[in-house]
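Going in written order, the chains are labelled A, B and C, and every chain counts its residues from 1.
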């Protein structure tokens, strides 16, 4: 192996580096816009700036990574497109998704405190998010159960699809549930959840979403690469295990 | 016989055999339960105890308990369902739980439906006892019987279907006792919500509010029964 | 004539561990084959693989005309596996277990009654819960469950364990009768002397491979693989060649 290709394997190829640079740049722009350039909001003041973190992480966690996990799981299960790559993608996406989901809930809670005066509200989106968090964790737990890698992959894919099917049901039920509760006057949920977004704020939001999407893509590249390395290492282990197994025949007693 | 006629015969025979297998498995599971009496001797007392504990937790305020009765009832059923589903797989022999079922020659969809049906029957028996429990302990007057019964049927079927499917994922694993609740409870959240709201509506004498929830339950149950029937074969294979 | 079992370099992984590490085996119809070998050799895994229970991840595996690498489910109805655990329901009686086993396998329920009679279970024991049976009686019940299915391939893992004298005699008769009526029997056992009168062939397994086989199938890998080679001698006697050309006599 040449030195460059070894380095490539260890740190990701050229395309990934470009992606990383683009991500860093976009993040810098986002920070600048969010914290410095864009104005404070009418009702919420400066705490609206947390939204520039909250909204993209929510988009990423709820739609992007969960969507990718479900799609990759389906592709893994479909015989014609079955490939270990999809299993690795599904797992990587779920891990990143849980991370950002936790971030979403935390930032949302921190934003809610000065805005509404409470840490939590039973808003349909928040509640669905919380339930989804547990579902994600269950999926990751299934992936860590020891056993044949193909078997684990299949089991996890089925769990992912079952959770995916359940999401609209969870969402619908929580929506109906909340619609039956007249919100207290202090807590006018809908008004505060969708603050007035003016021109520059809208641009900032867009930029932040793009920046986080790039971040997701960059993290995915690296995580899948690591998963692939683990798998290759596992393959080498197998070859070694076979040799050791054959050697048992020589050392074991004969009947 | 023409090829298409014999193919149709074969398909019909296949369909009949799935239901026949389901019947066989359900009968076997119920017979095992009748012999071991764990449901009667342990799960029912446990469920009643949970009702009592809720009263402790909520300071036995008559009004609070009466208003919360629907939700507390279904929470208790949920806990009991976890136990019943675990039992359903323990009965399949501790080692080689999947081996026995896979070798048996039974159709996977049939095994799923049979096991789910057995759990439904056990849970419905429990629910009758629990209904008496909330009447006595929480001073609730049962009203809106049609709504209550429809809710109970659909919710129990949904709980069992999802529970047996996920139970198969967790069965035979050393971590099964903690993995099953983690997997199945987020999925069952809408069932709890819908069943509790519908029951509340029935008990409060406003059934019109409850029927939309029953529709949601119907969707959930259909989705998870279909999912179980389709996926159980694949889940069974994971050795 | 197509062999009932045809394995070429079959590999079976249990997690990361290669339980079967390249098995070559042919078994013809009507044979009664003994698989012997030390603990951990892979005998149980071999039987389970032939029953279509484990994934075969390398090589070729054909049982009763089914390609186990493509579809391992369809073969299960035609085999009868007797494992260490009996796949019995502890809370049900002997009779109920056997009726269930027969019905599940789409066999005639009368076969269950016949099996019970054949194994001396049709008296008082028929209505005793399996949990209350002795180990030997459980073994008999498990054997009866296999018999009731009338399988084309019998896969027996240490079948004589726990059986008393009469139980062993019964089992031997059943095995011989099965082979005579067109089934094939593969048994894994440590009790080589006990089964010697029954069997038609004996192979030795170690380290996940078959290392002694009087009727070994021809493979190219024999010449290039490291470790022990294969002998072509009478039952259990012969030489094994190690990598460096040493020879070790085997008794």
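Just so we're on the same page, a contact is a pair of C-beta atoms (placed from the backbone, for glycine too) under 8 Å apart; a residue touches a chain by one contact, two chains touch by 3 or more.
Being a predicted model, the structure only gives us computed values, none of them experimental.
Trainee: Looking at CA centres, what chain is most distant from chain B?
Mentor: When every chain centre is compared against chain B, the largest gap points to C.
Trainee: Whose C-alpha centre lies nearest the centre of all protein C-alpha atoms?
Mentor: Taking the mean of all protein C-alpha atoms as reference, the closest chain is B.
Trainee: If you average the Cα atoms of chain A and of chain B to get two centres, how far apart are those centres in Å?
Mentor: Chain centroid spacing, chain A to chain B, equals 32 Å.
Trainee: Report, in whole Å, the distance between the mean C-alpha point of chain A and the mean C-alpha point of chain C.
Mentor: Computed from C-alpha means, the inter-chain centre distance equals 48 Å.
Trainee: With chain centres defined as C-alpha means, what is the inter-centre distance between chain B and chain C in Å?
Mentor: Each chain's C-alpha centroid was found; their separation is 39 Å.
Trainee: Show the residues in chain A shared as contacts by 2 or more other chains, in ascending order.
Mentor: 147-148, 151
Trainee: For chain B, give me the residues that contact two or more of the other chains.
Mentor: If we look for residues of chain B contacting two or more partner chains, we find 237, 239.
Trainee: Could you check chain C for residues that touch two or more other chains and list them?
Mentor: 55
Trainee: Any idea which chain B residues touch chain A in the complex?
Mentor: 165-166, 169, 173, 175, 179, 182-183, 185-187, 189-190, 193-194, 197, 209, 212-213, 216, 219-220, 223, 227, 231, 234-235, 237-239
Trainee: Under the definition above, what is the set of chain A residues touching chain C in their complex?
Mentor: 146-148, 150-151, 234, 237-238, 241-243, 245-250, 252-255
Trainee: Enumerate the contact residues on chain B facing chain C in the complex.
Mentor: Residues in contact with chain C: 17, 21, 24, 28, 31-32, 35-36, 91-96, 99-100, 102-106, 237, 239.
Trainee: Would you tell me which residues of chain C are touching chain A in their complex?
Mentor: 11, 13-18, 21-22, 36-38, 40-41, 55, 57, 190, 192, 204, 206-209, 211, 225-228, 236, 240, 242, 250-251
Trainee: Using the touch rule from the top, collect the residues of chain A that touch chain B in their complex.
Mentor: Touch residues, chain A against chain B: 77, 131-132, 134-135, 137-138, 141-142, 145, 147-148, 151-152, 154-155, 158-159, 162-163, 165-166, 169-170, 172-174, 176-177, 180.
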